[in-house]
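Sending over a structure as structure tokens; questions will come in a sec.
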Amino acid sequence: GGSSAPTPMGGSSSATSKGTVNVFAAASLQEAFATLGKQFEAAHPGTRIVFNFGPSSGLAQQITQGSPADVFASASTKNMDQVVTAGDSAQPTPFVKNVMEIAVPSANPAGVTSLNDLTRKNVKVALCQPQVPCGAAAAALFQNAGLAVQPVTQEVDVKSVLSKVTLGEVDAGVVYVTDVRAAGDKVKGIEIPTDVNASTTYPIATLTKAPNKATAQAFTDYVLSVDGGKVLTAAGFQKP
Amino acid sequence: MTGTRNASSTALSVIGSLDRGTFHLEVDVRVEPGEVLGVLGPNGAGKTSLLRAIAGLTALTTGSIRLGDLVLDDADTFLPPERRPVGLVFQDYRLFPHLTVLDNVAFAARSHGLRRHPSRTQARTWLDRLDLSALAGRRPDQLSGGQAQRVALARALAADPGLLLLDEPLSALDARTRLDVRTELRHHLGQFAGPVLIVTHDPLEAMVLADRLLVLEEGHPVQHGSPAEVARRPATQYVAKLVGLNLYTGTLEPGRSGVTLDAGGTFTVPAQPAQTGRVLVAVRPSTVAVHTERPEHASPRNVWPGTVSSLELLADRVRAQIDGRPAALVDLTPAAVADLELRPGSEVWLSVKATEVDVYPDAP
Amino acid sequence: MPWVLGVPATLAVLFLLAPLLGLLVRAPWRDLGNVLAESQVLQALRLSLVCASAATVISLVLGVPLAWVLARARFRGLRLLRALVTLPLVLPPVVGGVALLIAFGRRGIVGQHLDAWFGITLPFTTQGVIVAETFVAMPFLIVTVEGAFRAADRGYEEAAATLGASRMTVFRRVTLPLIRSSLMAGSVLCWARALGEFGATITFAGNFPGRTQTMPIAVYLALEQDPEAAIALSLVLLAVSVAVLVGLRDRWLRAGSAP
Amino acid sequence: MPWVLGVPATLAVLFLLAPLLGLLVRAPWRDLGNVLAESQVLQALRLSLVCASAATVISLVLGVPLAWVLARARFRGLRLLRALVTLPLVLPPVVGGVALLIAFGRRGIVGQHLDAWFGITLPFTTQGVIVAETFVAMPFLIVTVEGAFRAADRGYEEAAATLGASRMTVFRRVTLPLIRSSLMAGSVLCWARALGEFGATITFAGNFPGRTQTMPIAVYLALEQDPEAAIALSLVLLAVSVAVLVGLRDRWLRAGSAP
Amino acid sequence: MTGTRNASSTALSVIGSLDRGTFHLEVDVRVEPGEVLGVLGPNGAGKTSLLRAIAGLTALTTGSIRLGDLVLDDADTFLPPERRPVGLVFQDYRLFPHLTVLDNVAFAARSHGLRRHPSRTQARTWLDRLDLSALAGRRPDQLSGGQAQRVALARALAADPGLLLLDEPLSALDARTRLDVRTELRHHLGQFAGPVLIVTHDPLEAMVLADRLLVLEEGHPVQHGSPAEVARRPATQYVAKLVGLNLYTGTLEPGRSGVTLDAGGTFTVPAQPAQTGRVLVAVRPSTVAVHTERPEHASPRNVWPGTVSSLELLADRVRAQIDGRPAALVDLTPAAVADLELRPGSEVWLSVKATEVDVYPDAP
């Protein structure tokens, strides 16, 4: 595989940019990618970006089982690696990273103000399971900070952590910045100092067997471009 | 457990009406404790409906059902079936398909809280009594029709009810078993302190088992009385057929000793009866004589011609159906049929003595 | 057997079994030993069986009476109630979990009182798992059993009543045995659905090994890590449930030979 | 109504309805209009109804014959088959999706031939959604109907046979009408389960608006963005299914008044 | 559609055995086309089992069932019920609960591919014939017992079968309807080209409807013959009870004109019959005379003492059960009972003329 002719940013469409591109993207990219898709279609008339949003693991399964995907944007390197191992992708590129934040219910009943508060006995904390990216990141940042936090639950994904916080079932949870932003005023975010904070990296790749490889690569490049970066940053993502 | 339910050996009275779909039943009947009321009537007359009302399976539309002082059903009260001291043998048996014969019979005792073992012991004595012990372990789908019916009877009797309702309890039994069970039933009914209603289509059975008969037709009682009365003076054609009599309707005019029959012809009757007007005339088939020629000088006052329409060999006699005015059923010996060379189509003369003719007023 | 029935029946079997066969083919048989050796797996399996069974028992205790009422009672709003009861079937499980949190969570409409008055909190506990599974699985039992109550021959109940059996006795000794095979079917559906339940459980009860981590959750986590291990875990779950179903169900069905 | 039945029935109703009430209370009523106005929602709703109904029809066509075979046939391995058929109930839906991909995916055991011979590919198509929903929901129908076949009175079938009805005619004109209420119950379960199906569908058929994005998937995506919108969407789904169930089911049940 | 099934108006032959649970049935019977075989026997004798075997609902264990050249069941063949040209009225009716009366009766025609409308028209004529038209729109659970039975009969007849099997088809009918339906049935059976088997417990019905009788007891045929033969010379106590005769077993020793009865006593019999050894002795109840004192100079040669154990009033006579050696049933007129002042416990003398006694060999 490998990238073919680089596509010019914006401007006129290249001869190769047309047809439909199937983009398999992690559900957390939904809003940002929808915007990117519209922008790309506008810039390249005759192209159509079709998204298949879902859990990264499920998308990876679909791809390795032969689904006609052109681009895969994963929320974890692990799922991307599964696709690489299966020979469906050669060169994934990290395109954003997502850092962690403490989320507390807007009333903040336990009065959590810092990372240290999470170790208090009467503070119920929800984390992600260490096997999933957000859990790995949380484990890393607690290690960086030298804290031992005993959660009441290890959720399978970050949304579950967030809904526990939203509904007040727990007093605090460790989630991505993007999630706090998306949840609006129902939760309050408490920033984690950059020196201890951890992140997860989102890789993107054009797939080896992409039916519409040229346009697919054009979209991947667009995501990696400056314009694409703006959209992603607006959603709370950080540069990798 | 026994003895508690049938404490009330008091009279049953049912007055009122009920409706099932378009069918309407009116009744007014009283059954004394220890009395057996036979309920007769054509199919669809409402016999089963009456029993259902007494058992509490169908509510009366109007009226009341009482057992002594206990109100089972009236405008204010409706005692549910399980609280009525009633035993009912269903026309279609309704044995519990998931229970063995033994447990079917033990069901009532179990329902009243008796433990498994004693209730089964008690059920066994009932099975013994009705000669069903060999079937104790069978399930209902492994029984023949007659066996199932006997089990249903045992199940109802074993409940030791204060009031017994039997809906054609012997119809599926073979002749011999029927005699045995009838004897057992009569024996049991004799000892039974409460009122009993028994529905049957077998006139003999009704005569043997019942103290009094109630005849229903189309939801209305049409006759009511002792078996002998009903047998002697049937009120309707249905009852007459049932007891095997010829019945004619007619008019008796004052000052005359002859009844003008609606079906044609006139009957001379014995002494001038008290009443005049609409009457019924009953004639026993065995009292009708058949002649191949007009009996000129014979004593019978009632003589009329007819045509044999059919002959039927019964056990020890031949029943001839004679068309004429009026038509009649006649019982003959096989020898007589041979002597007279009767066959369908034969022209005959019938005669009956005035003294053999029973005349009585037609109920309104 | 008429082919008009035999052909579709065979197709149905092939359709349902092909994916299972697929799993068997792709399963990492060599790793199976390792997967099973992990203590968490056995723990999750035990928890799954316990919770699914508990949910089935609760569903039987509460759901069978409700099915009876829905089939037999006559009151205004019955039709609506009958439809409402089937809603947990339609609710996407995750939303079901959210709904359970709103109702029975720490701050939930009912939950806050449970907490304040009895000190009971359901989320993040094994009881919470059972509640979530019951919520999702009970409607299966109710709908199945209601259909059977509706079809049962009322004549036998009448007969039992005339023999002096109270409503309760009739129900216990006549009605229930008569619908035995549908009761069994409903229980199997309920148990199997509870055993496979994932969305509502994870949302309401969370995931904590040994306390709230059931097999489906373990499978889901394994999927994130190592899809083949997930297949292996699923196969374990399937094998255990086949064993339970073959063992238990036919014993029950034979116990009281079919009517 | 005996209280021994009334009390648990009431508890069951409260337990099942409390979470639904919770959803109603928390629903963003003011935004409901906006949510509904999104064309994608109506599209997803339509797709959900179509696919769930198609899955139910397929389940009826294939599953009822299979249920009959399981209830009536006698052959070795029947008990095992009966248990195997219930496995899709136990399989965590996501694994079910993976299994479907292995079997019917483009490179799947069966799927590769479907592709090569007939040019049919199931994943990521509306047909794929129907396949996934059928796989998950059909067992509910089978188990329910099998229980009913097992309990049905064989006497009527005998009577029909002596009247010259072929096996097929007996099945169609006697057996099926006799188990009508369980058939209805099974169909309701099957339809509802298919309507709420999420895990297997998103894994096998993906999430393409207008093609494979059903309501539960829309709800899942909404949950990522805006949980309140997800609740609103769920309520829409519930309302529609209540309407369908109340309307359809009682009509059916009344059509042939209970035996 | 009609006319196709009953094409084979050929004889039915059943030879073989079948087993249901522990019950074992042996039969060897042939029914000619147009012939009506009455099947009698006590409950559980295997009557229903025989019909089930012929209908194909139970397979024979050994032997074969043939209808003319058509093998219905043998070692190699088993024709399923729907392919046998058989109409069966079940003892428990089995009306389809989900169909109306009309559609129940139209079922067979529909099954043979006739469309709804013509099949209903055809069914209506059957309902008319059995006087059921008023019930056409009812469902079976809205019928009375007798109505349901009549519908079941109509349903079987409407199937236009080549072979008719009737399992107690009239047992739930009231006396009048029974006569009507019996007449209709006899009429239909008269026109019916194929063999007919009819199970009944009513001896009269058997006599009226059947050309020949087969009596089963405990799974074995015990008697077989014309109604008159069976009625005159019953082979077993069951049959004797059925036809209302006294039956005694005994030994006739060569050179003597007296039969030594097993039950005690000796009977003088008419002319010395040809055979000696084990014999049966049949005595009609109406030929037994009752005396309160020993009839010293009367002609009857057979005189013995006894005790009245019960009296039963039948329609027009009284049946007395007398204990003695041997015991006997005796029919008396009510007048005679009154004259002799008979009551249970009365000591009496019985006499019967030698010419009234029928002696015949006991079948092995």
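Each chain carries a letter (A, B, C, D and E) given by its place in the written order, and its residues are counted from 1.
As a working rule, a contact is a pair of C-beta atoms (placed from the backbone, for glycine too) under 8 Å apart; a residue touches a chain by one contact, two chains touch by 3 or more.
Predicted model, so just to flag it, every value in this text is computed and none were measured.
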item: Starting at chain D, fewest touch steps before arriving at chain E; value: 1
item: Chains touching both chain A and chain B, listed by label; value: C
item: Chain C and chain B - chains in contact with each; value: none
item: Pair of chains with maximal C-beta contact number; value: C-D
item: Euclidean distance of C-alpha centroids - chain A vs chain D, Å; value: 33
item: Centre-of-Cα separation between chain D and chain C, whole angstrom; value: 15
item: Length of the line joining the C-alpha centres of chain A and chain C, rounded to whole Å; value: 35
item: Whole-Å gap separating chain B and chain E, where each centre is the average of the chain's CA atoms; value: 22
item: Multi-partner residues of chain D (at least 2 other chains); value: 94, 98, 102, 108, 166-167, 178, 180, 220, 223, 227, 259
item: Shared-contact residues (touching 2 or more other chains) in chain A; value: 58, 61, 163
item: Multi-partner residues of chain B (each touching 2 or more other chains); value: 92
item: All pairs of touching chains, each written as two labels joined by a dash; value: A-C, A-D, B-C, B-E, C-D, D-E
item: Residues of chain A touching chain D in the complex; value: 24, 27-28, 30-31, 50-55, 58, 61-62, 65-68, 159, 162-163, 166, 182-184, 186
item: Interfacial residue positions of chain C with respect to chain B in the complex; value: 155-156, 158-167, 169-170, 173-174, 177-178, 180, 256-257, 259
item: Contact set on chain B toward chain C in their complex; value: 5, 55-57, 80-82, 84, 86-88, 90, 92, 94, 96-99, 107-108, 110-112, 139, 141, 155-156, 159
item: Of all residues in chain E, those that touch chain B in their complex; value: 20-21, 40-45, 47-48, 91-92, 142-147, 150, 167-168, 171-179, 201, 203-204, 207-208, 227-228, 231, 237-238, 241-244, 284, 286, 312-316
item: Of all residues in chain C, those that touch chain A in their complex; value: 98, 101-102, 105-108, 123-124, 202-203, 205-209, 212, 217, 220-221, 223-225, 227
